[in-house]
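Take a look at the structures listed below.
Across the two complexes that follow, chain A remains constant while its partner is chain B and subsequently chain C.
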Partner chain A sequence: MESVKLDLENYRKLLKEYLLTNDETALYQAEQFSKLSVQHNISPEEIIHVHIEALKELYPELPREVSDSLNFLLEAMISYGLALQEYQFLRAKQSELESEISVAANMQKTLLSTVKPDIKGLDIGAISVPANSMNGDYYHFVADKEGTLGIALADVIGKGIPAALAMSMIKYSMDSFPENQRQPSMILENLNRVVERNVDPSMFITMFYGLYNPESETFSYASAGHEPGFYYHASKDKFEEIEARGLVLGATEHTTYQQFVNHIKKDDCIILLTDGVTECRVGDRFIERDEVLQVIKDYIHLPAQEAVDSVYKYFERLQDFHLRDDFTLIIIRKKV
Partner chain B sequence: MGFNPCVNIRKEWDIVGARQLGREHAKELGFGTVDQARIATAISELARNIYLYAGTGKICFEVINQLDKKGLKIIAVDKGPGIRDISQVMQDGYSTSGGLGAGLPGVKRLMDHFEIRSESGEGTEIEAIKLVR
Partner chain C sequence: MNINLDVEMIEQDNMTTLVLSGEIDAYTAPVLKEALLPLTKQPNTEVIVDLEKVNYMDSTGLGVFISALKSSKEHSTSLKLIQLQDRVHRLFKITSLDSIITIDTTVRGGN
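What follows is the complex of A and B.
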């Protein structure tokens, strides 16, 4: 079958063929003509015009009413032609916006990037995947000379660009705190003031801050309304919720946060997450917390990074590769 | 330059009158049927804007007949409230989303040349030209 050409001559030929034979082939070629026209920004009124011209050449004695009615149709199609042009313009505009957002997302990635530190005796796995292009979850590791490890995990309620912008603020405030000031409760109290002063009251940030001390084998932590994590007892193969209560960041000016301490045993794990993990949805149903733990349990025997990757892949598949919320999961295992 | 007749826009019926006069000029100038329909639609949009937002105004025509170009200029003038944010009304999707039709971006697309001047409280003047191809 020869390819369809976009001109009056060809249209006339196709029309004539169809009028003579009533053949499906000609209709198929008309469809090709239509696709080609859209590709070349040819508007509907122009096609009707071509049709009128072709018809007049084939039937010079065309009744006036028929010819007038086709002109009437042409007039009626004008707005569709404009809508087509507008659609094409908006589509170009959309791809422009998308590329702008992807530049912003890349920039965010660079700004908020954290290196998973190599701490003797610890196996660390971390994954954070945004639901859209920009992440409203944030985690950060801070290792110092004494070998302590600070872990920050925050979640802005909401997602997308506003959430991502708020996250950058958290990161830079933390950077500005003095080095010796690393107690989880103090860090949250300071951040609370920053958020309270700078962020719109309608935006809430939850945060967990933990500090692991290898000398004493303890994990101190405090939470600002953050989704509770879990402590995994390897010997019993059981999870225990890491309890910590505290107001979300920015709710009131002076909030104090209680600090807790846990002793960490060999092979035990600390599991930190955001509500994107616990509030996975399958269809209209939120999955139960127990189901989340079961999935983590299935993979907890793996090295920490493999474990978090596998848990993520599991939930990604469960949700048909379409996350509803930003997803962050951290597993820290004490190896010795 | 040719004659310069105007149609006053006071009621919806006048939009039809402006269209008709514009189409006659377009035919005389040798515009094809598609362009005639486009010119008529542009006139409609401009006249409707006057009728809806300014109340009264006029649509004038000017035949352009120079050695290198031939065409029709439509001038829409009103003493209405004016347009505070021209960028906004020139944005795609601004009027169409409200179901108001093609709007000014539509007029710009239908024609070859488009110019708008508007002062808040003083009125609006729009010039649009279509050239014979």
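What follows is the complex of A and C.
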């Protein structure tokens, strides 16, 4: 295709060709001309101006009414030209914002990054997929010198950037608690105060905190209104809901959390998730919790990381599936 | 998919009932917030939210009810939720918000 040039000469040529032949190719080229004009920030009134000039050259005897009416049209188009300018400006602004958000998202990733610890006797798998650019789910592993493993899993309600900021607050508060206050119930009580004081009243956080002690082979945990996870009894090949009622963080000033303890046997698994997993939708249909559990069952025999990846891929593959909420799934298996 | 939330307000003496129908999620929650929050600030008002026709609510909706509860405490008004469908009620139970928000369970919404 012949490239369209953005000048008066070219416009006049196209116009003449069309007026003489009524050929559609010229019309098509006019369309190209208009696209190119938009790209080069040329306003509609400028094009009309070019049109008037070209017409006068082609028809020196142009009736005055026609030429006046075109001048009239030119005035009528001025606002459209301004709208075009504004559109270009907003587009530039938008791409600027997008790049800022992606910088923030990367920073959040760095700030909140957690390393899956290598704990003797445990097989750990974790996946967390944000629905938008910033993740409102957060998980964190804390391994200490004595070999205990702390697992925090939180879901900030309120999405996007405010949620991400609240998440950083949670992480740094947790880091600042002294080691002797690492009991799940204590951690949640302290965090509840921090959240209640510092976030918007309509924002709250659900959180599960678990502490695995390899010496006593116990898993202690407490929950602040978090979606219940599952406990897998390998010997019975049965799943059991991890029930731990407790109020979400940030709803009232003082709350206490009950702490529970489980003995963990060889090959048993602890399965933790956020409600992004159970609030999945396929088209108009909700995915029921039983269905989620069934999918987890299907993959539980795999190594932990493969299992969580496979569960996510299963939902991702469903037709018409879209992630309404951030999706996080953790599986911890006791190997010995 | 038609995701919408309708809010109808019925006022009677000192009692105001908000009848909601549709879905409460991140997109519709602001509609609820705008209708509900001012009511909780009116002195001596008993606010009732009828959720019979709400078939879906996500955690953003819970956030609105938490802020409404805080506001009603601050202004000494009362807030009560009625006719919750099971799916919606489950959210209040998991988060234990049913321990601080008054929920009338005698009348349950249809599914």
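Operating definition for what follows: the second predicted complex is superposed on the first by the 324 of 336 C-alpha atoms of A that agree within 3 Å, B and C clash if a C-alpha of one lies under 4 Å from a C-alpha of the other, contacts with A are read in each partner's own complex, and residues count from 1 in each chain.
Keep in mind that, in the parts below, contacts are C-beta pairs under 8 Å (C-beta built on N, C-alpha and C of every residue); 3 or more make two chains touch, one makes a residue touch a chain.
The model shown is predicted, which means the values in this text are computed figures rather than measured ones.
> Is this a clash or a fit when chain B and chain C both end up on chain A?
They fit side by side.
> Touching A:Ala143 in the superposition: chain B (first), chain C (second), both, neither?
After superposition on chain A, A:Ala143 lies in contact with neither partner.
> Tell me which touches more residues of chain A here: chain C or chain B.
C
> Per the contact definition in the header, classify A:Glu86: touching chain B only (first), chain C only (second), both, or neither.
Only chain B is touched by A:Glu86; chain C is not.
> After lining up the shared chain so the two structures overlap, which partner does A:Val129 touch, if you call chain B first and chain C second: first, second, both or neither?
It touches nothing on chain B or chain C.
> What angle, in steps of 10 degrees, lies at chain A between chain B and chain C when each chain is taken as its C-alpha centre?
90
> Looking at the overlay, what does A:Pro201 touch: chain B (first), chain C (second), both, or neither?
In the superposed model, A:Pro201 contacts chain C only, not chain B.
> Which of the two partners, first being chain B and second being chain C, lies in contact with A:Asp155: first, second, both, or neither?
The second partner, chain C, only.
> Where does A:Pro228 make contact in the superposed view: on chain B (first), on chain C (second), on both, or on neither?
In the superposition, A:Pro228 touches chain C alone.
> After superposing the two complexes, find the smallest distance in angstrom between C-alpha atoms of chain B and C-alpha atoms of chain C.
20
> Which chain A residues contact chain B in one complex and chain C in the other?
Of chain A, no residue contacts chain B in one complex and chain C in the other.
> Could you pull out which chain C residues touch chain A in their complex?
Counting only chain C, the residues touching chain A are 1, 25-26, 33, 56, 58-60, 62-64, 66-67, 69-71, 87, 94-97, 99-100.
> Using the touch definition up top, name the residues of chain A that touch chain B in the complex.
On the chain A side, the touching residues are 45-46, 49, 52, 71, 74-75, 78-79, 82-83, 85-86, 89-90, 93.
> Give the list of chain B residues in touch with chain A in this complex.
Residue positions touching the partner: 32-34, 37-38, 40-41, 92-93, 96, 101-102, 105-106, 109-110.
> Where on chain A is chain C touching in the complex?
Where chain A meets chain C, its residues are 155, 157-159, 200-204, 206, 225-228, 245-248, 250-252, 275, 279, 283-284, 286, 324-325.
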